[in-house]
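For clarity, chains are labelled A, B, C and D in written order, and residue numbers in each chain start from 1.
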Amino acid sequence: MDARELIARRAAQEFKDGYVVNLGFGIPVLAASYIPEGVEVILQAENGILNFEAVTRLGEEDPYIADAACQPTRILPGGSTFDLAMSFAIIRGGHVDATILGALEVDQEGNIANWALPLSPGKWSPGMGGAMDLLVGAKRVICTLQHTDKKGRSKILKKCTLPLSAAKVVDLIITELAVMEVTPEGLVLKEVAPGVSVDQVKAATEADLIVKGPVPEMRL
Amino acid sequence: MKSKEVSLDAALSHIKDGMTIMIGGFLGLNEPLAAIDRLVKLGVKDLTLITAVNAYPGGGFGIGKLIENHQVKKYIGSHIGTCPAAVEQYKNGELEVEFYPQGTLIEKIRAGGAGLGGILTPTGVGTLMEEGKQKVTIDGKVYLVETALRADVAIIRGYKADKMGNILYRGTPNSNPIMALAADYVIAEVDYVVEPGEIEPDRVGTPGILVDAVVKGYGEEKTREIFRELWIKNKKLA
Amino acid sequence: MDARELIARRAAQEFKDGYVVNLGFGIPVLAASYIPEGVEVILQAENGILNFEAVTRLGEEDPYIADAACQPTRILPGGSTFDLAMSFAIIRGGHVDATILGALEVDQEGNIANWALPLSPGKWSPGMGGAMDLLVGAKRVICTLQHTDKKGRSKILKKCTLPLSAAKVVDLIITELAVMEVTPEGLVLKEVAPGVSVDQVKAATEADLIVKGPVPEMRL
Amino acid sequence: MKSKEVSLDAALSHIKDGMTIMIGGFLGLNEPLAAIDRLVKLGVKDLTLITAVNAYPGGGFGIGKLIENHQVKKYIGSHIGTCPAAVEQYKNGELEVEFYPQGTLIEKIRAGGAGLGGILTPTGVGTLMEEGKQKVTIDGKVYLVETALRADVAIIRGYKADKMGNILYRGTPNSNPIMALAADYVIAEVDYVVEPGEIEPDRVGTPGILVDAVVKGYGEEKTREIFRELWIKNKKLA
């Protein structure tokens, strides 16, 4: 199992039956493939749909319906479409139970940076899309990302260095090494990936990690 | 009652160099593709363009063409990453970019259309979005003042219009119904034009009084072809 | 012709072809009966309809459609229904060409009072309904009212005494005696009713009336 | 997926003495009449009631009954003149009244449902509406800060609901779709309950995720009788 699949599988454990969820691109969308048996969730996409699934077969696509990545999409029974103002009323208004989003950096205070990479001095790219509203509005924010960057530097920081998407909003961080919860006392190590030790997680993490007793293995 | 149906060129003649325009659609879908293609031909320039998000990933489609053709001086939206030309022009200083969180942007446009001065949002508090903005505290919680946004012209995309300008949307209408309120001149590109009374009152997504010009776009059949081709090319359909 | 009919007939002259209009109860609604030949207007009601007419015949009513007074209503071809947020977006957003409203008082600065009569100290009734938004949002505000109250006191004042509905918004005032326009210089007497002299209007008016040359008779 | 259809009493058991409730409808039309009649029987009291306007002119109908039955401690709306009991109780001190311009009120409710702190409106500037409110100046123009408004429970009225709570409205939906966003518990009274999938996605006015309970009201036939009788009595139909 590669890192992406591991993270997606663990993230899928966070789905609860009946949850309304909005999934960011990449690993979060992948998590939908691993929803546990008996759990039904309702997907929300910020372009204005509830309760949909991807269409992949030629001839079944509808050129008036797509998801937030403009992929061909089918509305499921009980689904609906609506305009962007309604979509973000749903998102910002606390009507989404959980969002799973990727990040460039996340820190022990629950700050998250996922919209801005430096393009040239004072200029950032690519932009936040709907992420800032999701981070502020969703009842539960789950952040999925690889623990370290390509150079091995921790993306789980004491303090984010890139421009924030939102301050103090992240509830749970899931990486290929660990599951960490943002609490009022700080970042608590909740689970370690199979075959990974607490010390290995600590070594890969710049943030201060609180370890309370024995840390169980990641639920998958 | 005079019909609002006009030719594409007659409608687009209202767009002049230097104007601010809003274009409905989301990464190409329910975007007024015929009007955009014609605008590229017409070559109006120095536009300020407002859209919810940018072009279909990779560009070369819909609003991406306007940017690739160097007709846009300033872009206001929530994301440019899907449009390589936008990122390049922003980087080299040709294109000015103003980012707003998507939910903030749509509320700014809605406020502009609804006669509100703006809205108070928690989104962006504690981020770069605070820069240069007023804040209001209510019951101890801080909100950003996000001011109303309007355009000279909005080009929206509906499915059907009657000749009085009433619009019926199909699928995900995204920014279109909101932009229809927020411009001095509103052009609605649709697949079908019908007589008043043929759209049920309950089905009208944008009342005709908000629409100045109705134009026929590529139609439903061509729209199906366009997206089939696009999605096949991008390996979304097999 | 009684005072109400006279005012309504004159107000109807203000309708222009293609106008979107919102009419207050009483005289304004009556004005719709006198729309000039060749002029078509689109009625807007604040509960959320465009392009409608009253239903008066039993069996033609629809218990899901009514106007802002909850009278049975029929949508005309090209009409539409929508929610209250959209309705007031239309009203406040400047998408209504003209509103004709009644008033308790109006003054030479274009202030208008039409929502609050004293009920007991510090308490006012009946409330403003949609009037305040209409007054601020409509492109043109036409105020129709009887020139004086039952005791003969002018309702066209130097300064309103009752709580205002909106400040400096009235464009035109139509009474059974005169038509007056609010201008930057003050209140200009534009027309007098048939058989009414300028002096009679002045005598019945507390506001300062500007008279420029001969005043024509009211267009009806 | 568990059906959201429940009995009227099960749904109304969420309304307790002293709560703030929103009720959709406009002077009786598209008002949840069955739920209101039952609330009168149940006798919950000390309610704060939020509606766009008050009762059908003259009272004795819809929300008028709640006020006449002395169940409302505070009323928030744009008008009380149609309900003699409301005017009387306000005058004698039994009922507290908070007025907002109707367009402001619906935006306050929308803000409450949309996670906004409030909106900036020009409506009410220079009037008593300014009292105790913050103001914001944008480009030299003054706006009132009108803060978000929410309720413990909202009772809305739709035409059809599916068992997942998706609502289709008929006619003039007025405040119902907005209130559906702005309460902790949302009860939808409808004439018909259908299976998921029977309401077209395009026709859903309120997505099911916003609705907690679906209850059958008096149904279409009885609704027709009720309004026919009301309008005949008030000399609106001959």
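The working rule: a residue touches a chain if its C-beta (ideal position, glycine included) is under 8 Å from a C-beta of that chain, and two chains touch if they have at least 3 such contacts.
The structure presented is a predicted model; accordingly, all values stated were derived computationally and were not measured.
With respect to chain A, maximal separation of chain centres occurs for C (centres as means of Cα atoms).
If you average the CA atoms of chain B and of chain D, the two centres end up 33 Å from each other. Here the CA centre of chain B is 36 Å from the CA centre of chain C. Annotation: 28 Å between the Cα-based centres of chain A and chain B. Each chain gets one centre point, the mean of its Cα atoms, and the points for chain A and chain C are 55 Å apart. Those residues of chain C in touch with two or more other chains are numbered 49, 81-82, 85, 88, 91-92, 136-137.
Residue positions 107, 110, 114-116, 121-122, 170-171, 202 of chain B each touch two or more of the other chains. Going by the touch rule set out above, the chain pairs that meet are A-B, A-D, B-C, B-D, C-D. Those residues of chain D whose C-beta lies close enough to touch chain C in the complex are 26-30, 52-53, 56-57, 77-82, 87, 90-91, 97, 99, 101-104, 106-107, 110, 121-129, 159, 170-178, 205, 223-224, 226-228, 231-232, 236-238.
Here chain A touches chain B in the complex through residues 46-49, 55-58, 61-66, 68-72, 81-85, 88, 91-92, 111, 116, 119-120, 123-133, 136-137, 163-168, going by the rule given at the top. Chain A makes touch with chain D in their complex at residues 18, 20, 40, 42, 44, 49-50, 75, 77-82, 85, 88-95, 136-137. Touching chain C in their complex are the following residues of chain B: 1-2, 110, 112-116, 162-164, 166, 181, 195-197, 201-202, 204, 207-210.
Interface of chain D with chain B (complex): residues 107, 111, 114-122, 134, 136, 138, 141, 143, 145, 147-148, 169-171, 202-203.
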